[in-house]
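Have a look at the structure that comes next, please.
Order of writing sets the labels: A, B, C, D and E. Residues in every chain begin at 1.
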Amino acid sequence: DASDGKVKIGILNDQSGVYADFGGKSSYEAALMAVEDFGGKVLGVPVEVITADHQNKADIASNIARQWYDTEQVDSIMELTSSSVGLAVQALSKEKKKITINTGAATTELTGKQCSPYGFHWAYDTHALAVGTGGALVKQGGDSWFFLTADYAFGYSLEENTGNYVKENGGTVVGSVRHPLATTDFSSFLLQAQSSGAKVIGLANAGLDTSNAIKQAAEFGIVQGGQRLAALLFTLAEVHGLGLEAAQGLTLTEGFYWNRNEETAKFGKRFMERTGKMPNMVHAGTYSAVLSYLKAIEKAGSDDGDAVSKELRALPVNDVFAENGKVAENGRMIHDMYLLEVKKPDESKEPWDYFKVLATIPGSDAFIDPAKSGCDLVKS
Amino acid sequence: MKPLLKVSGLNAWYGESHILHGVDMTVGEGEMVTLLGRNGVGKTTTLRSIMGIVRNRKGAIDFSGEDLIKVPLHRVAHRGLGFIPEERGIFSTLSVYENLLLPPAVAKGGMTVDEIFELFPNLHERRNSPGTKLSGGEQQMLAIARILRTGVRMMLLDEPTEGLAPVIVQRIGDVLKTLKERGMTVLLVEQNFRFASKVADRFYLMDHGRMVGEFPVSELSDRMGMLHDVLGV
Amino acid sequence: MTMIFGIPLQAFLGQLLIGLINGSFYALLSLGLAIIFGLLRVINFAHGAQYMLGAFFAWMLLSYFGIGYWPALIVAPLAVGLVGAVIERTMLRRLYTLDPLYGLLFTFGLALTIEGTFRYLYGASGQPYATPAALAGGTNLGFMFLPVYRGWVIAFSLVVCIGTWLVIEKTKLGSYLRAATENPILVQSFGINVPFLLTLTYALGAALAALAGVLAAPIYQVSPLMGSNIIIVVFAVVVVGGMGSIMGAIITGYLLGVAEGLTKVFYPEASNIVIFVIMAIVLLIRPAGLFGRDV
Amino acid sequence: MTLTLDIDKPREKKPVVAQTIFLAAGLALLVLAPLFFYPVFLMKLLCFALFACAFNLLLGYTGLLSFGHAAFFGGAAYFTAHAVKEWGLPPELGILVGVAGAAFLGAIIGFLAIRRQGIYFAMITLALAQMFYFFCLQAEFTKGEDGIQSVPRGHLFGFIDLSQSANMYYFVLGVFIIGVAIIWRIIHSPFGMILKSIRENETRAVSLGYSVRNYKLAAFVMSAALTGLAGGVKALVFQFATLTDVSWQMSGEVILMTLLGGIGTLIGPLFGAGLVVTLQNYLATSEFPVTIITGLVFMVCVLLFRRGIVGEFYNSRLGRKLGFEHRH
Amino acid sequence: MTAVLPEQNGAPRVVLSARGLRRDFGGFTAVNNVNLDVHDARVHALIGPNGAGKTTVFNLLTKFLQPTDGTITLLGEDITRMAPDKVARMGLVRSFQISAVFPHMSVLENVRVALQRPNGLATQFWKPMSALDGLTAKADHLIRSVGLDKERNAVAADLSYGRKRVLEIATTLALDPKVLLLDEPMAGMGHEDVGMVAEIIREVARERAVLMVEHNLSVVSTLCHHVTVLQRGEILAEGDYAEVSADPRVRTAYMGTEEA
């Protein structure tokens, strides 16, 4: 049974920095919704959710996590946006035998070389994004690519993964250009992409960089010129910030879209009422993670880290976020991803009605085969 | 003679140090008065307090019927008072010419730029160089010249001859005499006793933040003893 | 086809032009910085935040009051200038007599506060701002497709830069301002209302930053982070140019914009550090900066 | 626990007793602190305090405002983490690698930056440190935005197990005390006196025959090396090194700590660091956005408490009675 | 009246000499073709109207400015390309026309800082402050000799202008220079200080070379053995005071009609 008369979940993420829209305070709200939907109690004890802003600093995140575990009886920590924070807190939690479920960070390292028996990766990762956008788009005819790549590891791995899928599916990569992080002016790069004649311009970057690139692509008439833009890490929240005028025609991959079916729409509207915005895959993923965690506790009959992580791996995930999702040995939750296209302004029927679903990418394609992930928890 | 400036009971402080202890003095319209005193007795402070640069002051400073204590610094010049500081205050980012034209004219009757250049040919020659690239002496000329343009009624001059070549000192002496003929009132602080004795109508002697003596130029020879005691002349 | 350094002449010209656009922002921003620094001896770390404010005000005018680009081009800088004036009057002014580093630290805090507030209110991912209808679209120059709006940015920023330079270097107001930076008390004793002048200056500098912000709004995502991203680069521009000269700040702004633009073609990985590298080289060869006066 | 900074203003009698009592009490507090506070929190505090003290060596005593000290702090963290994790060096050697690396970086950045003075100096250090940030972002060994993770703490001198929180704490405390002692010695040395005179009037110092550039560079490198000491230790405390520590925001933070505690006071930065670290921790779970509060604290501090906490204390009636003084 | 050369065995030695010294600022030539020999045990005056280039010559000799042309030799060594601090370490020390002190240090500290280098106590960052105690006695001696004892513990910024000048001379002397360059040392000083400083200079010059700029002609006439008159950057006249002051060109260019 529950160790200390309650089950406590911490939502630790960036609430004031660059990722504040990506997950932020709304992820906390998503977690609360999950607890309510579960009934507020598990094993007869109340479930409590607390939250903190790690300000994008691994040391602050690590400090808070430690204090939560040691003095606040927190049982698990979720969300954990940004790779350095995700890896640091997962490593710490491994030492403390506590569960982390990451819904915010992109790195495949979490379930790769640095995997942990207590660490789970829920919503997406760089691999899934690459497969989604790279693989599926080629099938739709986008068979020659030019990459605009952020000049650091994250960008490279997106470019490399995506490029591989493009080639695997019979496409070609005609070129790429690396731009520094936090570039404001993309026109030089866009001109190069334009003159390359590639059918798809892949944006292997994130956040404001992607937004600015898309905005300026519209200015230079790139989409009108017949080229297609594909953003490799971009979600509903950022599309909202950019506006449909600039974002129309953009292709991207997410693990969730609120207007995909009735159930997701219902969830979206509830979420909207509480936060003023529609959920993206991080929010919905956090909801799903909390829900699954509580189910696992109930099944295990205890909130002990070992027992719960065993149950988490055993239980299928079936909720508004994932259908028939399952957790692999390395901690990766495997579920379907969606290739989405941003609607034209006149196609959008209601607020936040932004995407058309172009394709569904089955989880088994989207995520790395656990046996090849490099995680030593997987017996090969 | 009608007094133009009448200072009474002036006290002044720098931070906590009390520098002036009740200075009393009057300067008549068109008069040239020299303030003598050793280093550090408060001569500069007296001028700065009259001008309002030292704000921490008490007493009365009557300038042609108005108490300057209440006048904000940037209005004082418009009352007809010009100040030439000891350290000259030439601006390095302005050319000599711009320096010269900087102070706004506050009244009619100032010298024209041509007259000024005639008086100080060096300035004319160097008029386009940055102000502080002038030699020390040239800077002093510029500082005086600058005020001459504005048409003030009274100048407060702090050690104008310091660091000047004897010819220039003479020339400045001549300028002061010319100005006096035009009706300018001058309060002069001077270490160069010889120079002061040639231009001044009257002397004040200062010690430890107070006036300790006052006499007209005619009594100069009788007062040498006292001057010797106070100044070491 | 004629080639230059292995790329077609056409593309080369295109990139040159694009560099000039970037340079327009650097020039406007470093101009404002140089004015504030030149006159107040304050390194205005909040300059980036004021640039961001300009863009945000334009966006707010549009989305809350329906006021479009053209009025915003005047209203937003005025509003930011006013904010600047209030800040100068109530706070910055107390720091003039102190070591200049306090001015830097104060404006650093100011920048954090402004940026933090907007991030808190509007999130980090930014707001859209559409190109004004009159300037939408583009023309084909033969060697590149030039969005009309970008052409406008170059032209307008040039006019503003040169106009500002004329005011400061060639007018009486300018010489008051320059003198007041060196010895405010003395200038005041000449009968000039220096405190007012300083307020005006800071307001002017802030307004220039805001103007750059409004110009940027249709090109870049209007985001709370846009200021801090650019400010460090602008600092480097200012070091390269030497702060002594207003014209120097302007010319260096354009030059470095072009240098950065060309690096994006030849060696894109280095395009964010090229300005810093140039700065280091200039420091080695001419420590006072390209247009700086000898210390 | 307070030492006056003022290098040898001729004092007739010093109330040495009071100061010794302060010092002893302070040390005792630090030794006993883990009983009352969270050890990792304390370790973090000590690392930042040492960082701020090292920074203050430059700002407070040489008058050079560096806006790029994060490069040395974060750089050393990377170097130490890499040396310990990839090369398998013991912690003490790993830290030395960090210190050496930071000193080397300091020599390069310092060499360029000391060519200008005042705020130019600040801007140049900022720009160069930003360059280093981009380097770290792209370099292979830093692992990009993941950071170097799971750095082993290892055994100090081969036999003290640093994975024990108590051992680690006293190790960090030891490093902190040594670091501060070194700084104290530098400030109160003939060399420190020359630094002070350079700050006061550079031209005069040249005309007295002092090669100002060499002195400034030496001070810069010393400050960078001590900063590296703090950064290296921090990497071991948290067992990772990430981009945060090389970002310009970190350079801003250390300035805030120093300012808050008291520029030019030896132990002021300790209090400043304590306050900033506590604030960040507290704000993490509060409604207030951290950046706004940090910014406001900065502004208020510059406007109202320029002397900082310790500086204000020294300057208060009580402080002066106890024989402290602060001339800055 | 002209000072009499001290008795010497043989001719006095030239310690500092400049040949063909020239300096342009933009298009303006501030110093042109100046030849100068400064001798041991002599006081050499450099006079001339304002803007003649005296301070510039000082800046050139001490290497605070690079000459456009010409050579400078100090104690037989060519220093034309040397850094200013190095020149100072060789024993050529100057004072400044606008006084230069360390404002927030006490008078004692000001003097002691100057004493540190010649006594080899400048780079020791590992030694305690008490290492400097040995210099205090020397410093006090210097302070007394210039009559600053009352202000010994005062902060330099609080001194009056004239007192700062005196302090500057004390720090200059502390370096025990071989050649002393004084730029208007008496400017802004009261009468008794003028006398005292003159006495100090006379004393110093018994064993060292002194080159000074001074407008106070009575000081020049009583103190200096040799006078060089500069005008518009060039040497107008040279000789002892009597010769120079009799030169009609000097009288019109500099001295005017006034008697010294």
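We adopt the following convention: a contact is a pair of C-beta atoms (placed from the backbone, for glycine too) under 8 Å apart; a residue touches a chain by one contact, two chains touch by 3 or more.
Labels paired with UniProt names: B, E = ATP-binding cassette domain-containing protein; C, D = Branched-chain amino acid ABC transporter permease.
All values derive from a computational prediction rather than experimental measurement.
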Exercise. From chain B, how many touching-chain steps at minimum until you land on chain D?
Worked result: 2
Exercise. What are the chains that chain A and chain D both touch?
Worked result: C
Seminar exercise, completed: Taking each chain's centre as the mean of its CA atoms, the one lying farthest from the centre of chain C is chain E
Exercise. Among the chains, which one keeps its Cα centre farthest from the Cα centre of chain D?
Worked result: B
Exercise. When the C-alpha atoms of chain C and chain E are each averaged to a single point, how far apart are the two points in Å?
Worked result: 48
For this session: Express in whole angstrom the distance between the two chain centres, defined as the mean CA positions of chain A and chain E.
Result: 75
Seminar exercise, completed: Between the Cα centroids of chain A and chain C the separation in whole angstrom comes to 36
Exercise. CA centre of chain B versus CA centre of chain C: separation in Å?
Worked result: 44
Problem set entry | Sequence positions of chain D contacting 2 or more other chains | 134, 138, 289-291
Seminar exercise, completed: Within chain C, the set of residues that touch 2 or more other chains is 116, 119-120, 269, 272-273
For this session: Find every residue in chain E that makes contact with two or more other chains and list them.
Result: none
Problem set entry | Pairwise chain contacts, counting only pairs that touch as defined | A-C, A-D, B-C, B-E, C-D, D-E
Problem set entry | chain C to chain B touching residues, read off their complex | 38, 172, 175-176, 178-179, 181-183, 185-194, 244, 293
For this session: Provide the residue numbers of chain B that touch chain C in the complex, in ascending order.
Result: 51-53, 73-78, 82-83, 85, 89, 91-94, 98-99, 101-104, 106, 130, 150
Exercise. Once bound in the complex, which stretches of chain D touch chain C?
Worked result: 59, 65, 112-113, 115-120, 122-124, 126-128, 130-131, 134, 138, 248, 252, 255, 259, 289-299, 301-303, 306
For this session: Over in the complex, which chain E residues touch chain B? Could you list them?
Result: 25-26, 28, 47-55, 97-98, 158-163, 184, 187-193, 215, 217, 252-258, 260
For this session: Report the residues of chain D in contact with chain E in the complex, numbered from low to high.
Result: 7-10, 185-186, 188-194, 196-197, 200-201, 203-212, 218, 222, 327
